[in-house]
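Letters A, B and C name the chains as they come in the text, with residue numbers starting at 1 for each one.
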Amino acid sequence: MTTASRSESTDLPVRTPALIPTLGGKWYVEDSIFAAEQEHLFEQMWFCAVRSADLARPGQFRRVQVGRESVLIVRGRDGALRAFLNICRHRGAMLCTEDEGQVKRNLRCPYHAWTYGLDGKLVTAPNMSALKDAEGEDIDRVAYGLVPVALREWLGYAWVCLADEPPSFESEVIGAVTERLGTATAIDAYDIDNLKVGRRVVYDVAANWKLIVENFMECYHCATIHPELTEVLPEFADGLAAQVFVGHGAEFGPEVAGFTVDGSPGFERLPGVSPEQDRRYYAITIRPTVFVNLVPDHIIFHRMYPLAADRTVVECDWLYTGDVVAGGRDVSHSVELFHRVNEQDFAACERTQPTMSSRAYRNGGVLVPAEHHIAEFHEWLLARIGDMR
Amino acid sequence: MTTASRSESTDLPVRTPALIPTLGGKWYVEDSIFAAEQEHLFEQMWFCAVRSADLARPGQFRRVQVGRESVLIVRGRDGALRAFLNICRHRGAMLCTEDEGQVKRNLRCPYHAWTYGLDGKLVTAPNMSALKDAEGEDIDRVAYGLVPVALREWLGYAWVCLADEPPSFESEVIGAVTERLGTATAIDAYDIDNLKVGRRVVYDVAANWKLIVENFMECYHCATIHPELTEVLPEFADGLAAQVFVGHGAEFGPEVAGFTVDGSPGFERLPGVSPEQDRRYYAITIRPTVFVNLVPDHIIFHRMYPLAADRTVVECDWLYTGDVVAGGRDVSHSVELFHRVNEQDFAACERTQPTMSSRAYRNGGVLVPAEHHIAEFHEWLLARIGDMR
Amino acid sequence: MTTASRSESTDLPVRTPALIPTLGGKWYVEDSIFAAEQEHLFEQMWFCAVRSADLARPGQFRRVQVGRESVLIVRGRDGALRAFLNICRHRGAMLCTEDEGQVKRNLRCPYHAWTYGLDGKLVTAPNMSALKDAEGEDIDRVAYGLVPVALREWLGYAWVCLADEPPSFESEVIGAVTERLGTATAIDAYDIDNLKVGRRVVYDVAANWKLIVENFMECYHCATIHPELTEVLPEFADGLAAQVFVGHGAEFGPEVAGFTVDGSPGFERLPGVSPEQDRRYYAITIRPTVFVNLVPDHIIFHRMYPLAADRTVVECDWLYTGDVVAGGRDVSHSVELFHRVNEQDFAACERTQPTMSSRAYRNGGVLVPAEHHIAEFHEWLLARIGDMR
């Protein structure tokens, strides 16, 4: 956290000025910086890729862009999810060109028919018997198998990591939630693993991913652009980011029945949710690209896919109990609330992106007290990708 | 001006060869050169931005691209026009995303509601009382106000300058007109300040702005591509650029009644226009981006907005007396003439742009005698942005 | 050809491993490499530009992109084809902006009316008498004529070369055919000069030109993606590239009547085709950008125009005797066969292009024995444009 320099020749306590600097504009526009983020963040950290339940059957796959790589996530015949680089080891054709699909038994390259099992091993290839290595031995079916990518499942999502030595999932991912909620178990109450997707909306945002993170981290803008949200969560009108206070959830207004666009009742609260968690909204940022929003009866789960310095695709899931989804109950009132919030936030980010290259933003803007915690995000970023200022 | 090297061992006068070189092709295509022009020309010189009368009411604004900056020009409550960088000082959101519009009292950032007066001062912000500087003082409403941009009005247009120390408007802008017309007062006869816009056409030209300038400066092409214009101004068929001769205006043909597409009569001549100015056409180039065309009964005023090395938007106004415009008189015959000229010229520029990268144009082409004065434009450019040849 | 390193301390023969490396992915994606290919290949070698018969009449022209240059090929009044850079020597306007057309007597620049004969000489210009050189002499009509480009005709096509000193057409172009067919005369049997275009299809392929060459050179993919072709040429199902064996043509299947999509009869065999050539398919690669396919009754002739690292336009002609074309006989069965092959091949190349930038392809993929001859293409390329590995 940035602190003011100690006043000279006095014993007054150090005071943080009300306005502290943001990152300069170049961090949001330069291709070289985005490339460094791809290399040092998205291709090094755990990256939330897909909802596991989307790949229910063996052979079901989904293709996801992680940093500069196309990653294939596929359900094996043994029921396990695995991730591979989406490229044939022979001449480099892309194995799957659809964003999602289903294969029968194997992943077969449509160019020369090199064929891989769902575990990534090379199963067969035309004239396989002629493919000997320099010593005349049969080629190694693992060495010439698909390039594996580390994968972990948590909260019902598959998280992948392209690093040669992935960092600790417990400290990086789970730790971020613990740090926010105060305990490692608070999130278990929501049983997110077993919820179902009631609605999914994909947003294509013409803004740098960090503008979206910074927007999510603060609520100084809530009174200005989120009328529906501040109606449901009156304390948001004060502009304080609930995320700053460990374990704090913003309380529903007294007249509000549920986390819905009109304050009308939602669904029964999730079975494990405690009375302390009831009628409260918790927002969690899991770096680099995930936001989790907890309310008593559902979860709003954001995954970002940064595609360029000025383009980010955001996939947002609304998760409910199986009863709600299978029962065909009307989720539109709860979906509409955060869908509006998303549209309001992304519009704000999109109007901020174009000015990042202005001379007036060369040294950035300022963070007011309600935004000071964003400075820690900036420091984290600089430490991760090298201080290029 | 390029001159021939003195003939050795004779006393013959120095002779300029008939063909002298142009700039090489890279000056029209390379991004680095366009960036240098943005920095050293468009962001340093006086740049003609908007017609003042387009912003008649307090709170009316227009957004203009000047070099790399989005500039906001707005009419104040005191009736004065002012220009600012179009960016909020807090977190950098673009204040106005529409090209033109009207605010009531203030410019309010739609992201966090920082609010600026029409004079640019910070008026208020959410939790303003908490915004203290490092010494605990209230923040400076000017220092955190909008970034001002120098603005001058002349000929009914607002000219802005992004330079820290703007050059002399009198010598750079007014001086260009004086140099062309021979006196500082000749242009006053047209009373351009008080004319009204009878028609505006915006052209999106796929060519470097310098090709458009060079085209405007010479008339060697007139016989080839401007049949209507040479009909009205027969001397243009000879290919001599009227611009070269100080104070000279091209005379209408004897059968021509007015500066119209078919030579039919125009309107009454402007009240101040002298008999010497009557039945004559004067073209003036005001660097870097303005052309002014004077005829007895109206003015054709071009402003360029160079957007990329190979793209220039040109906004062209046809200006008439208030009587003509308010009276709803038919301006189509006079508009049609120069609209055709514009389309003919810009088509020529667009067919020249793609070949600028050819090996055959590495060292440029040649200027014939009727074009020799363009060399001075090239020398001016090189002196301004550094001789990168 | 890549060879295995000799086994240490034994006298065993050197053995080539079954899998040898391809080029790394960067060779297919980097702009700097494509620029080197433009400079050292397309602008140095003989480049097949147009079918000569497409320009039958004097004044008929076609415009072609060769490397970074727009080249104009035009039939002269003397009946000869000539090629020039498509740019006026005066101020650089593009002479012809249509891909093809017809002029009456001369090539006249539409900007300032500099006018060139079909032989490229400057014929006239406005105020030509004023255009004197530094010595006061009339300007040189050749020196200020269009910039000529070397041109040779062979197989009924015009091949151009932008090099200052073109390489030997005989060894580079004709030599490639001789090397493949075993004799310099085998191709004469098809009398390609005198065939007519029965169908032309232009494909815009989102892939690097080298992927298209490599694809054409091998048949390891044939069983997977070319069902119709392997039906007609059963030996292609084995995956061996017919191109490797000098003089070998792949034989039609016993049930196959003609080289058609359904094996139905084609046309009478070309008059000069020998019994040994009958019922056989010969594929020839003429570097850098031409493929010739010979079958008894027609020719399929591919010309590539590499436009960017990831984009190549391919123009494919189906050539038949004048009798077939003039007689309006139905060529659709024979066209359909190779049109499908083209679409199948280009789809494979397009799915390979995006993964060339993957970390998994940084050092490339592998060539199986049936593809080993492609390594020679890679070595040729590296020798030509410098080993940038």
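Observations on the structure shown:
Going forward, a residue touches a chain if its C-beta (ideal position, glycine included) is under 8 Å from a C-beta of that chain, and two chains touch if they have at least 3 such contacts.
Keep in mind that what you see is a predicted model, and the values were worked out from it rather than measured.
Shown here, the protein chains touch in all possible pairs. Between the two copies, subunit A and subunit B, the C-alpha superposition involves a rotation of 120 degrees in steps of 5.
Where subunit A touches subunit C, the two copies mostly use different residue numbers: shared numbers make up under half of all numbers in play. Here the CA centre of subunit A is 48 Å from the CA centre of subunit C. The residues of subunit B never reach two or more other chains; the list is empty.
Of all the residues in subunit A, the ones that touch subunit C in their complex are 68-70, 85-94, 97, 110-113, 125-127, 130-134, 136, 139, 144, 147, 162. The part of subunit B that touches subunit C in the complex is made up of residues 4, 15, 17-19, 22, 25, 214, 220-221, 223-225, 239, 348, 351-352, 354-361, 364-371.
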